[in-house]
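Look at the two complexes coming up: subunit A is in both, with subunit B in one and subunit C in the other.
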Partner chain A sequence: MAEKLLFIVFAAFAVAGALGVITRSNVVHGLILLVFTFINVAGIFLLTQAHFLAVIQILVYAGAILVLFAFVVMFLNLREFQQEEQFHRGQKWAVVVLAPVMLAEIVFVVTAVTWSSVGDGFTPEAIAAQGGNVMVLGEQLFTKMLLPFEIASLILLVGMVGAILLAAKEDGESVCLREWDDDDCVSASLVEREV
Partner chain B sequence: MTTQDLIPIIPELILVLAACLVLVVEPFLKVDKTANVAIALTALLASGVVAVGLAGREQAAFTNMIVLNEYAIFFKVLFAAAGALTVMMSPRYLEASGRHMGEYYALLLFAVVGMDVMAASRDLIAFYVGLELMAVSSYLLAGFLRYQVRSNEAAMKYFLTGAFASAITLYGISLVYGMTGATNYEQVGASLLASGDSLAVGLATALVLVGMGFKVSVAPFHMWTPDVYQGAPTPVAAFFSVGPKAAGFSAMLMVFLTVFEVSSPTWSVLFIVLAILTMFVGNAFALTQKNVKRMLAYSSIAHVGYLLAGLGALGRSGTDLVAGESILFYLAAYTFMNLGAFGILAYLKTQQPATFKYSLADFAGLGRRSPWAAVLMGLFMFSLTGMPGTAGFVGKLYLFSSVVKADLAWLAVIAVLFSAVSAYYYLRVIVYMFFREPEVEYATKEPISGPLAASLALSAVGVVVIGLLPAWVLDAAQSSFGNFFG
Partner chain C sequence: MTDFIFLLIKAILWVAVGVGMVPFIIYFERKFAGFFQSRMGPTYAGPWGALQSFGDMAKLLSKEDLIPDWADKPVFRIAPYILFVPAFITMALIPFGPMGVEIFGHTVDLVIADFDAGVIMFLALGSVAVYGIVFAGWASNNHWSLLGSLRSGAQMVSYEISMGLSLVGLIILSGSLSFVDIVDAQAGNFWNWYFIPQIVGFVIFYVSSIAELNRAPFDLAEAEQELVAGHMTEYTGMRWGLFMFGEYVNMVVVSAVIVTLFFGGWRAPIEALNFIPGFIWLVGKVLFFVFMYMWIRWTLPRYRYNQLMDIGWKLFLPLAIANLAVTALIVSVN
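Now for the complex of A and B:
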């Protein structure tokens, strides 16, 4: 009973937070609500005995990814951004019609299907018997999932190469603070000297 | 994992090692990047040769994550060929654009690894990470010319649509996993067959189809295609138009034949509807383009439409896989002719970096200016139209006749009619090249670079050989499905 109550609380907060994220026009408010949503989702993971996932959810999503978002928000010029239309007026009707249809479809499917929740026999009891979440997950990752794991590491390598490729400052390159205003362009060496 | 498990991925291991080597060597190279071009080219050729050498082996590896079979080998060789032709047409173009960096070749190699994994995977998770490896590398290649606004735009659009597409695909996959508790193609397929078709299976099918539809630019999910192809460096656009598309089809064929076997009536109808829409959108918009690069982008959408007709037929024909074989054959033929056409664009751009804007007017008088380029471009245009004697003709012949065999003669008629329409915009290029006088006289040009010439020549040889002696590729395509139901 207590679990059910907790689930309802976490789920309600998560949904409310997510709604807040997409309705706030202030990006920083949206960001804070996003953290709130992630933490509540972590709570739901806890209730399903997925302790490791709950910790990862907070570390990776509420921690690392949110910091990334915060950086991006700080780089953007927020005052100008807030005044812009958030979506096309002409497409509003499509949202009003299509979103409820999609929602109804998903609700129908989710309630109609018999979910096979214990693929490969991973019940909470079985996981506990094998030594807990971290142990089982780690073993899966380095045995059955070894190939996808290694390919994922290649994706990270590509991401790293790409970040350097797109952002690294090159010799003699001028840094334009505003692209359309030549006065704001300063050569890279000048910036470095000033710092 | 045992050492045996490594055998099926030797072609990919070669590519990964070479890509890392390129990254290590790059800081030691100054202006001349020949060493890195050589490494990338050697690795792609070695990977293709090793893949051919592995032919005849049947092996599952990494707890059934991926397999080695004729099907995977067919695509590994095709991807290695597409990658090698792209590498050869790149150096001069990148030098002309002032951004010749070794990372380009590393990203290209990583993209090919991702494509190989997609074709060889037998598990939804392996398929997905392969897809992402290919996609992330592609986004970066599209935005490689970082000081050009169009290149930035291409990368941004490709990244955003690609991310949405991945999310939609994943949502479909998660539904399937929720229903079956498995990710292995055969296990999921068997489990879904046992429980029967339902609305949930239909929704999962549609979601995967839409996600993959974005990747291979199926209308109405094609919006990004012309902008990305136009903005990306031309050799990269050449690669995009054949590599990721063929990889998308290689994965779609397997996923829909095995995982979604139970919902084949659903996806067959969906593919037929999307095929007609895609053929219409691709051809109609290609007609109005004055920019040849954009025209080729829309024409590539039209070709996806023809391939989708084949997929629709495949869903109708049960255990008869002739439509699948003809899709493989068409992909091979299409790879050579489209790489060739884009290669000519890359060549012309390096000749006149400032004045050549890919517009039709720039092609006026090309027949007199550089007859060889004009003749080759003419060959590729004929092949894309589907003229007899070229690869495009044989490809369309097999594809459309397989559609007829699946009792979809009306769909084949529509496809042929659209091909006839396509003749207008392909042959218009030829008219401009040979029968129009240029408005401004161009300066004399510098000689073509060796690798680019080789790339064009090999593409042309591919088009002609597949056109005149299709049996060789057709045999490979047929044996790819050899023991599919065995």
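Now for the complex of A and C:
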């Protein structure tokens, strides 16, 4: 009973937060609501006894990735951005087409996958008997799921190298805080020395 | 039902101890600061100035709550709370006595939540607390606030990495992520505590925790000579008080985590002293580490920002990885 109630609370907060994220025009408000949504999703993970997943959800998504989002958002001058026309006009119509496609995809995947093969023998009791959530998940990751695990980390590495490559400035190129304002520009070598 | 009542009692006890300690810790901080600098510290309110914190609290409560006109008001209002709510959640993970104690005929575990992945939970909550400072600085719409919160955000994110890595060696030794299991693994006399085999990890963790708490010598975020008061510049009255309060609650909680991980938690240093309740040992050890924070704060000068980053990335990160490698090697050889 209590679990059901908690699930409803977490789910309602998560959905409300997610709706807030896409309806706020203020990016920082959206960001806070996204953190809120992630924490509520972590709450739902907790209710399914997936402790480790819940904690990683908070640590990686709410803690690490969104802090970087916050940095980027804070470096931009939002108050000027908000007054600009920032949305493509065609976006609305693209949504009308893409959203049903996405929904159809999700429905297809959920109905097509035979879930019994995933859940074999992993009831909360069985997991507790095998030494807890972290132990079982770790064993699975480093034995049965080793290849997907390594592929995922390789993809992350590629993303990281790509980001560094894009961000690297040639010597002599100038760095601007605001692109439209030339007064703010300083040479890249100066920035490097400062850092 | 009785389970729920005991849970409630435990939660109230922890919150009361955590919150109740803060005014006295602030008083002692000011008194010690005085002694370290050959001054008297507070002397007027009450005997030896002991009521100073309560006077300050009354003052903060009665001050006007100013919100700057250009501030982002909702974010400005919630930011102080984001800082100290994670601290209280961390408290729930700290065991303060053995499991399965008989109290009035009921078996009670002297911990609020024996969490499977407690150590990671602590790190996760620490990373959420960053938002309090980052959003406070942004919402204030003030150059100094923003610079302060950016500094503090970058600092906390950088030190989180070495902080997390410094604990991996300890986790390998104990074979568990649960605070309860880690304390149990340190049973016996004080030479079984993890600060001896994990002395490198302990030093890295302790220094990183000072950076995480934004205290001197790593208080770049509120360096008063450069940034007025950093993210707290625009805050007044009790909202400012909440930041102050959150900082000290965080200090108590991080000390409790250090004690639990490296210094045997609620266990007595010598088994013969186990007749004294675990809670007293825990609070005593926590107060010792809180005193260490004060000692460091009032003794060392502030680091420059590039020095801070150098320590975090070029010294602690390699050291933590080396500590992890050596620990893993020794454990696997044995």
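Here are some notes:
Just so we're on the same page, the second predicted complex is superposed on the first by the 142 of 195 C-alpha atoms of A that agree within 3 Å, B and C clash if a C-alpha of one lies under 4 Å from a C-alpha of the other, contacts with A are read in each partner's own complex, and residues count from 1 in each chain.
The working rule: a residue touches a chain if its C-beta (ideal position, glycine included) is under 8 Å from a C-beta of that chain, and two chains touch if they have at least 3 such contacts.
Please read these numbers as outputs of a predicted model, since none were measured by experiment.
In the superposition on chain A, A:65 makes contact with neither subunit B nor subunit C.
By the touch criterion defined above, A:47 lies against neither subunit B nor subunit C after alignment on the C-alpha atoms of chain A. With both structures placed on the common chain, the touch criterion links A:154 to subunit B but leaves subunit C unconnected. Annotation for subunit A, partner touching more residues between subunit B and subunit C: B.
Applying the stated contact rule after C-alpha superposition, one finds that A:16 touches neither subunit B nor subunit C. Common to the subunit B and subunit C contact sets on subunit A is no residue at all. Residue ranges on subunit C touching subunit A, taken from their complex, read 72, 74-75, 78, 115-117, 120-121, 123-128, 130-131, 134-135, 138-139, 146, 149-150, 153-154, 157, 160, 177-178, 306.
Within the complex formed with subunit B, the subunit A residues making contact are 105-106, 108-109, 112-120, 143-148, 151-152, 154-155, 157-159, 161-162, 164-166.
Across the interface of their complex, subunit C is touched by residues 26, 28-29, 32, 35, 39, 51-52, 55-56, 58-59, 62-64, 67, 70-71, 74, 132-134, 195 of subunit A. Subunit B meets subunit A in the complex at residues 1, 9, 16, 23, 61-63, 65-66, 101, 103, 106-107, 110, 113-114, 117, 123, 125-126, 128-130, 132-133, 136-137, 139-140, 143-144, 146, 175, 177-182, 191, 195, 198-200, 203.
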